[in-house]
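Taking it in order: structure first as structure tokens, then the write-up.
By written order: A, B, C and D. Residues from 1 in each chain.
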């Protein structure tokens, strides 16, 4: 396979209906819709982006949306793709990519744990880090950690001084 | 009556000397690390503290085993001539010494296994494997000594070296001495042969569940063990000693060599250690044996 | 007054037929069995010193111009083995009463009685005909005993039988050749004639000795034939395994001491070092046996198989001791034979008690039984201390004698093998202790009880016996020396406490070691009692880096570290193990034969090894008969 | 002879004997450093040649069974706390706890985190806390010396406090570990996915 550069990759993706932006010579970001992003990821995998480094969640509370970010890397082309998918906050459901990358299991579990995003098709979305957790997922912006800490751990602002 | 008094005296002497050796060993190790180090009597403080502390037992086997361990080592110690003196009338047979020492190992292994902690069992499995590694070369060296002197008595071997410093066996069989030193390093569980302890890896292995009095007894066992092992080397290769003082000083030298090696080596995996022991010390010991036989 | 000798041999036989009639009354059967072995022990005890006691019958045939006579004679060596064997049998018999109580099983008792009959016959046989007949009887009855009407054991027994067949055919061949030479079937005469043969035809003499040696090696599982005990011991009934290991493994040793040793010692064989070439071969075979047995035992996970290999290793020590051809070596070997009887019966009986209570033979499925069965644990513990040859118990003095003998004969590399084996013994002995008796107690064994009283009594007796022999080696050494005097060696009467060595200033007072051990224990106890008291915690309260193992679904069985106990060590040996695996050799050999004789492949489809051995046996008979 | 209860019955017992024992105890402090947070980084300098803790007989140990001091080096999350408590309870008496850094006093920079406990003293009894983020090695060494003084004077008895006020500590621990309902009302906003695929067919 020919060596893919950032520019050719962006063109290629644009032809497939994906908006992208160049960040640096070795990094681009791509925006996809939640309906067909799995196909795009699968395409990326076939052209050499075989490494899924991480899955992140971002809470855009002002826009009432969650963003799920897939960090995909190619050792062959030395390009890092930040692959972003937006989903609505009311119904945070997205398809799983465990079928493409096995390691996505743990990333998805983590994102589910901290944002409450539901990955459709992932068989096991149990807790990884939090024990005994019954509250709102803690990294959502509408979760009030100070109040939580105060109620559970008895924390005080300024360490109780002033 | 005199024998009873002697036995008590010799045991206490060995324990005390062993503990002070351990303390000096820590001090020397500290100096190798460019530290000040603890006082030389630190090990005695440690043992008294441990003895005075609450301890945790899982079942009766633990008590039985730890007492057995110290028993075995003290029994071994009583068979070793110290600068020609011996606690009671005996022939100081080498094979008796080797086998009596084994009861200490068995007791210790049993006590720690009784805790049911897998770390302890891993440690014991490694320690026993290591034992097979070092006993064979060490015994091969001793075999050379026995054949050379036509006697399996430590006392006879000791007396044969009396007189000049050039009578010492270290000059008669230098290759065997090197082999014995390597085996001794493993026998004392010092690096590079400390895979059975490995604090960072298996949580100090056999000692993982020992606390208070059990660890105290373990320390005493270790102290007597150090005394016995160094005393054997001194008797075999350094001509024993004219007085108790010179004997102990020679022992200390042997011990400090081990401590210094301990501080400058990394750790072997257990199978590497056994392979090493079966190739180098064993090879040297066999070469020595062949040289003697010719 | 009926002949004592005849009575002794007939009573087991008569009882065997009697028990077949009342087989349903299992309690009566086993009690009869105990009574017979008790009677034998008592009779043998009274027979000590009466070396002129004989019984013989003329058959009225003539071969080689001599009358065929079946005769039994009381001789020191045979008495020595027979007496201790029957004492051991008595203890095992007591154990068997309780062991077979639950299962209402008594079908093995008659065969066992026939085996005892053969046992007495072998040890007191005066001529080769008697010896051979009894030997064959022993092989057959032990085959049925091992199989005991079950399928898997029958396979192991088949293997054992086919090897035995090789053994008996070579024995027969040897007997015929030697008898042709000496013109009589008398054992002592044949020894003399073989000694003479060495002066004239060295190679032929070696060949004849080799024929006998193969038989004895097979029965005692010396090196080329080390593999059958692991199969046969493991599958035989649990109460019979001690007998198999303690008594039956000594037939070969008895044969070597009886026949091969006097020849090697008295014949005119060129010396090699301080001994001679055949003795060196014997020593090397013994060394290989003990090292191999040890290594194989270390890797075994089935506890009965493990101790089968341990028995093999111990036979190796005995053979090494015999091969020194010196008085101390033979003393050590005979002493160790008896020690091995005592030790192995202690170990196998305690394991049988464990199996009786748990029904489990795989070590890694057990654990923590010391807290439920403390007596069994103590018996086993003392057993392994003895077996490892640690001083205050009995295994030490005999090992010490053997090592001293080997060293004084300058057999350096054999000594190294011996040390390797006895240090390695420590590894496998401890493995069973840790896996079966220590560690976490699996939930399903939480309510296990101590072994029943009738099992506990023999175990306790054996435990005390080990201690007694350990403290006072004279208990065995006196008969040993009496035997040696009877065999014509120049030895003093043994002392109660001291064993002697060939080296200067090296005699050993064994009793003193016990005192010193007690002194050490007293000092250690002072330290122990002087310290602060301890708090008892539950068995599962372990340091696990703060985790609760139960959180991760870890059961006590899985928490025990016992399956791959010596995994790193094993990995070191893996390439070697492939090379020495007899099964693989036989399988590979069998496959080659299969390929060659494709038409006959039906014969080889199942258990190639066993059938192949059978063919070898038949072939030896045919070829041997032809040559002669 | 040696009696573990001597601390409890101190008033009735011979003072001299306790002083002797306390001397040995203070001169041989073995620590289990539970490396929960960044504080563990400050221990190597204290142990190695710059400050050399071993000259006071203080040394690291691998398991709680052997250790006298439990070092909580920094913040501890709820999950870690469970392990700390188990470790603490596995230590034989007498035992002491040294809490490192601000995090163990009031949460430090993690004071409003959703999973870091604020005050370690609520869950296990702490003998000495060292303030600072992170405390300097000098401070650690100083605290050790202070602990030694306290042991000699018979003041370091927090482990007895744990026994006496076990109900208080246990209640605090249970608040973290026992099954509990939502702490905040906002928990109602959680998205709970309902399987719809099955219904379509």
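Criterion: contacts are C-beta pairs under 8 Å (C-beta built on N, C-alpha and C of every residue); 3 or more make two chains touch, one makes a residue touch a chain.
These numbers were taken from a predicted model, which means no experiment stands behind them.
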**Q.** Partner chains that subunit B and subunit C have in common
**A.** D
Q: Grab the C-alpha centre of each chain and report whichever is closest to the global C-alpha centre.
A: B
Q. Can you name the chain that lies farthest from subunit B, using the mean of each chain's Cα atoms as its centre?
A. A
Q) What is the distance in Å between the mean C-alpha positions of subunit A and subunit B? A) 59
Q: Find the geometric centre of each of subunit A and subunit D from their Cα atoms only, then give the gap between the two centres in Å, rounded to an integer.
A: 37
Q: Specify, in ascending order, the residues of subunit A that touch 2 or more different other chains.
A: none
(Q) Quick check on subunit D: which residues sit in contact with 2+ other chains? (A) 2, 4, 63, 65, 82, 90, 92
Q. So which stretches of subunit B touch two or more other chains?
A. 51-56, 203, 208-209, 212
Q: Any two chains that touch count here, so list every such pair.
A: A-D, B-C, B-D, C-D
Q | subunit B contact footprint on subunit C (complex, rising order) | A | 367-368, 370-371, 374, 377, 381, 384-385, 388-391, 396, 399-400, 403-404, 407, 410, 412, 415-416, 419-420, 423-424, 426-427, 430-431, 433-434, 438-440, 501, 503-509, 512-513, 516-517, 519-521, 523-525, 527-528, 530-545, 559-562, 565-566, 568-569, 571-572
Q. Which subunit A residues qualify as touching subunit D in the complex?
A. 90-93, 116, 118, 129-132, 134-138, 142-157, 159-160
Q | Interfacial residue positions of subunit D with respect to subunit C in the complex | A | 1-4, 63-65, 82-84, 86-87, 90, 92
Q: Provide the residue numbers of subunit C that touch subunit D in the complex, in ascending order.
A: 530-533, 535, 541, 543, 545-548
Q.
Can you tell me which positions in subunit B touch subunit D when the two form their complex?
A. 26, 30, 33-39, 42, 45-46, 48-49, 51-56, 199-200, 203-204, 207-212, 215
